[in-house]
Structure formats: C-alpha cells, structure tokens
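Quick heads-up: structures coming right below.
Two complexes follow with subunit A in common, the first pairing it with subunit B and the second with subunit C.
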Partner chain A sequence: MATGAAMIGVLWEVWAATSSATQGLCKVANGAPFTTFPYPSQVFVLTAIGAYVAGHITSRYAVEVRPELRAGLGQEKFDRIGPVLVVKLFATGFLLIATILNLYEARAFATGNWPITYYVWCGAAASPFFALLGAAIVAFLIGRWLWIPR
Partner chain B sequence: MDTQVADASVNFGLFKASGVVFGLVLTIVAADAILARRGIDTSVGHWAQAWARRYPAFALAISFFFGALIGHFFWDTWSPI
Partner chain C sequence: MGGRAATPGNRLLLGVAKAPHVGKVGLAAFAVALVGVAGAERQGAISFVSAGFLAFAALTGTLFLLCFYDLVVSVLELRYRSSVTGAPGRLRIASDIVQEYVRWLSPLGFVVGIIVGHYFWQ
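For the complex of A and B:
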C-alpha cells in the first residue's frame, strides 16, 4: 500500500513538473542533452550494482524461510496452467516490447528524432534523484527475480 | 559552445520515460495486492523466480540486457561538446 502510494506520488510529481514547465527541463548542445549529471555517473552505476546485489540477498532469505518456493515454473507450487501461461505471456511480451523499443532507438538516430536515451539523459539532468531511484528499483527487482538463489 | 535549454516538446517524452519505469513498478505492486487479497501465498516475484529457474539462460540474458541498459543510460562516457 505504501509502495503503491509512493509510486503514485512520484508519477504525480513527474507529471506536474513536465506539464507545467514552459520550456525543456535540461540543457542541450548540438541537439543532444548533456550527460554531465548533478551526481557523478559512478553514483548511478554503483547504486545500481548495490541494488542488484541487495535484491539477490533478500531473495535468498525468502527461499530459506519458504523452501517450497525453490520449484521451477510448471513444477510443484507453480504448476497451475493458468498462471504458467500468464507468466510465459508476460516474458514473451516483454522481449517483444524490448525489441520494438530497440528498433525505435536505432531508427531515431537515422531520422533525427530524439532516441529514448536522450529523454533519459534529460530526465537524469532535470531530476537526478528520480533517475537514481528508478535505476535502483529496476536493478533491485532484477537481482531479486533473476539472480535465483540455490 | 553555446548551450540552450531543451524545447518544451521534450517534456512529454520525459513523462513517458518515467511513466514506463514507475508505472511498471506500480502495476507490479497492484498485481501483488490483488494476489494478496485473494489469499494466494505466492507473489509476482515468486512466479518470476520460478520462470528464472525454468529458463536460466533467458534470465541471464535479461539481467545482462538491463545491466547494459543502465550502463548505457548513466555511465558518462560522451558529451555533446
């Protein structure tokens, strides 16, 4: 509940800032945003690495407390066909969307539009805290979900 | 080199980029809440881990992809000037 409220709050703040600004929220030169963020880039990278490791460590505790969660998809506790199909659908859908976004990114450079990367850089320059938060959350979830404990 | 402020048209793109990241987290939180309300003792994360156990190579590839993505976005190796 608290996490959901926090995410809604973050989205509201971002919407308020982006919809009320009369001009862009970052500096550009030669048509591209600066990549010199208010925090050093090492802060972002090291925070993401730390969050990734923290995600893995917290997942190890979860399976130690509940060993029945060590099963793979389609086995034991995770053998209900409905949720199995939903999970596989999400995984396939994610890979498809990632492919489409990468194609858009590549095409953006060819057509002169801003690629997604430039928007992320602009956002990191405008609000490095939210960019750091987003990177940390994603890295934590990847470490918790995909770095599977034995 | 003269620097300028970005055009206002980039602001909606900024919202879309942040909306994807934080909106996805919000969706996951909502899904977990629905599962908890139904009395199901496995969360979205538990099913994701089960998928990773079944397909470890895909899990490794997706982990690498996100690591490369974060490095691409935030590891400062280029400047426009």
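For the complex of A and C:
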C-alpha cells in the first residue's frame, strides 16, 4: 500500500521536477541534490494521512448509497471471472513495476547516478504546493478505493 | 469433460493449483533475500540506503511472484474449469480473527508505511 502511494507520488513529482528543471530551479550543488523545502517534510506525511482518512470517510457514504460495494473481489456482485482477472493483472503489473523501480533506485545510489529520490526532492522543492496537492489527491484516492468499510 | 483432465494443460493446472506451500516458499525466499541484503550491507558491499531499497525490492518481488502464480492459476482455471480439475478455492479467508486483521490492514499499512518510509527516505 505505502509502496503504491510512494510510487504514484514519485511519478507525480518526477513530472514536476522535469518541468521545473528547465527553469534552473533544480540545480545540483557539488553533486548534492536540492533538499530544502518551504514546509517541513512532516507536513507532507500528515497531509497524506489526513487525505487518506478523508477518502475513507467519503467511501462510507458511497457504501451507504451502494451497499453492494461491500462485497469482496470474486464474491457476490463481483464474482465474474473477467473483472477478477483484470484486477489480478493490474496488481501483478503494479508489483512488477514497483520491483523494477526499487532495483533501479538501489543501483542508482550504489553507482552515484541520480536516483528517483533526488528527482522527487527536487520536484517538491521546485513546486511545493503542487507536490503537496498531488500527495493529498493520491492519498485521498487510495483511502477512497482501498479502505472501504466492511 | 472428465477426459480433458488427461491433457497436458490440465495436468499442468492440477500440479500448479494443488501446490499448497507456495506462500510459505515465498516467505522463505523473502527471508533469504533479506538475510543476503543485510549480510552484504554489514560487509560493506552495499550502502545502507541501497540495502533498504533492495529489501523493498525483495518484498515487492516476492509479492509479484505470488500474484503472478495466482494469475496463472486463474487463467488456467478459466481454460480448464476448476470443477474438472479439483482445484481448491484460493484466497478464501475462513477465520473471523484474520478477517478482522484484514479490515485494518489497509489503514495500518498506509500510516505505518508512510511514516517509516518518510524517515528512511529523509
């Protein structure tokens, strides 16, 4: 779960870093990444947790309106094999991508290349508000879709 | 339909779907990978940060292999109906206690993961 959130957040912030790099906001001094933020990093963590809980709270309303959503994958309304296979395919693909990204990150730190982490820090430094907004939106959707009340 | 169980595809499904210890093998492989990464880090072969990401890669890689196994069995079940092959119903949680844990798996995983991940990342 956290890996999924981190990966989607990474993709969002890589985009922000890439678009900000052309404006010189992401220069590296002596090979070190740009790591100063206008907000404490804990703000990102607390915002993500708050948005995640907010997503769950809104899903409670959705479940009250559509109680069939309480059924698990492969049960009751969702017992058709087609959607089950699609979900399994997405989960498998997601885990494969997460594994490749983690291996890339480990290799980048070992070889001295820029890891994704630096792009994320750079993106957050260049566009802190949008990075915060992106983290909140992703966390909200995860809480909405993956913490459904039973 | 009973005769189809003798085809190579059905034999493969029977063999794969009746492997009861796939999850345990996955856990063992994950544990071996963690020990290997920790040993490499202690010997100075890799940095602590690289070791952390390798440990995450071992976790997601193990989960990927288990999901891939489940996907393959599901596709084979679709091709050769489980009623023919006798494949067991998988991923069914019978225990109420375990179901109670599963209810809280998502929020606990998210909150603990994001806090631990944050301090590791920083």
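Annotations for the structure displayed:
In the analysis below, the second predicted complex is superposed on the first by the 122 of 150 C-alpha atoms of A that agree within 3 Å, B and C clash if a C-alpha of one lies under 4 Å from a C-alpha of the other, contacts with A are read in each partner's own complex, and residues count from 1 in each chain.
The definition used in the following text is that a contact is a pair of C-beta atoms (placed from the backbone, for glycine too) under 8 Å apart; a residue touches a chain by one contact, two chains touch by 3 or more.
Because the structure is a prediction, the values reported are computed rather than measured.
By the touch criterion stated above, A:45 is placed in contact with subunit B and with subunit C alike.
Of the two partner chains placed by the overlay, subunit B and subunit C both lie in contact with A:142. Once the two complexes are laid over each other on the shared chain, residue contacts for A:69 go to subunit B alone; subunit C is not touched. After overlaying the two complexes on the shared chain, residue contacts for A:123 are found with subunit B alone; subunit C is out of touch. Of the two partner chains, subunit B is the only one touched by A:8; subunit C is not. In the superposed model, A:106 lies in contact with subunit C only, and not with subunit B. Ranking subunit B and subunit C by residues of subunit A touched puts B first. Judged by the touch definition given at the top, the superposed model places A:134 against subunit B, while subunit C stays out of reach. By the document's definition of touching, of the two partners only subunit C reaches A:89; subunit B does not. The contact surfaces that subunit B and subunit C form on subunit A in the two complexes overlap at residues 1, 3, 41, 44-45, 48, 52, 74, 88, 91, 95, 98, 117, 139, 142, 146-147. Taken together, the subunit A residues at the contact with subunit C in this complex read 1-3, 5-6, 41-42, 44-45, 48-49, 52-53, 56, 74, 81, 84-85, 88-89, 91-92, 95-96, 98-99, 102-103, 105-107, 109-110, 117, 139, 142-143, 146-147, 150.
Residues 1-19, 21-23, 25-26, 28-30, 33, 42, 45-56, 58-60, 62-63, 65-67, 70-81 of subunit B are the ones that touch subunit A when the two sit in their complex.
Within the complex, the subunit A residues that touch subunit B are 1, 3-4, 7-8, 10-11, 14-15, 18-19, 21-37, 40-41, 44-45, 48, 52, 59, 62-63, 69-75, 77-78, 83, 87-88, 91, 94-95, 98, 114, 116-124, 126, 130-131, 134-135, 137-139, 141-142, 144-148. Contact residues of subunit C toward subunit A in the complex are 46-47, 49-54, 56-57, 59-61, 63-64, 67-68, 70-71, 74-75, 78, 91, 103, 106-107, 109-118, 121-122.
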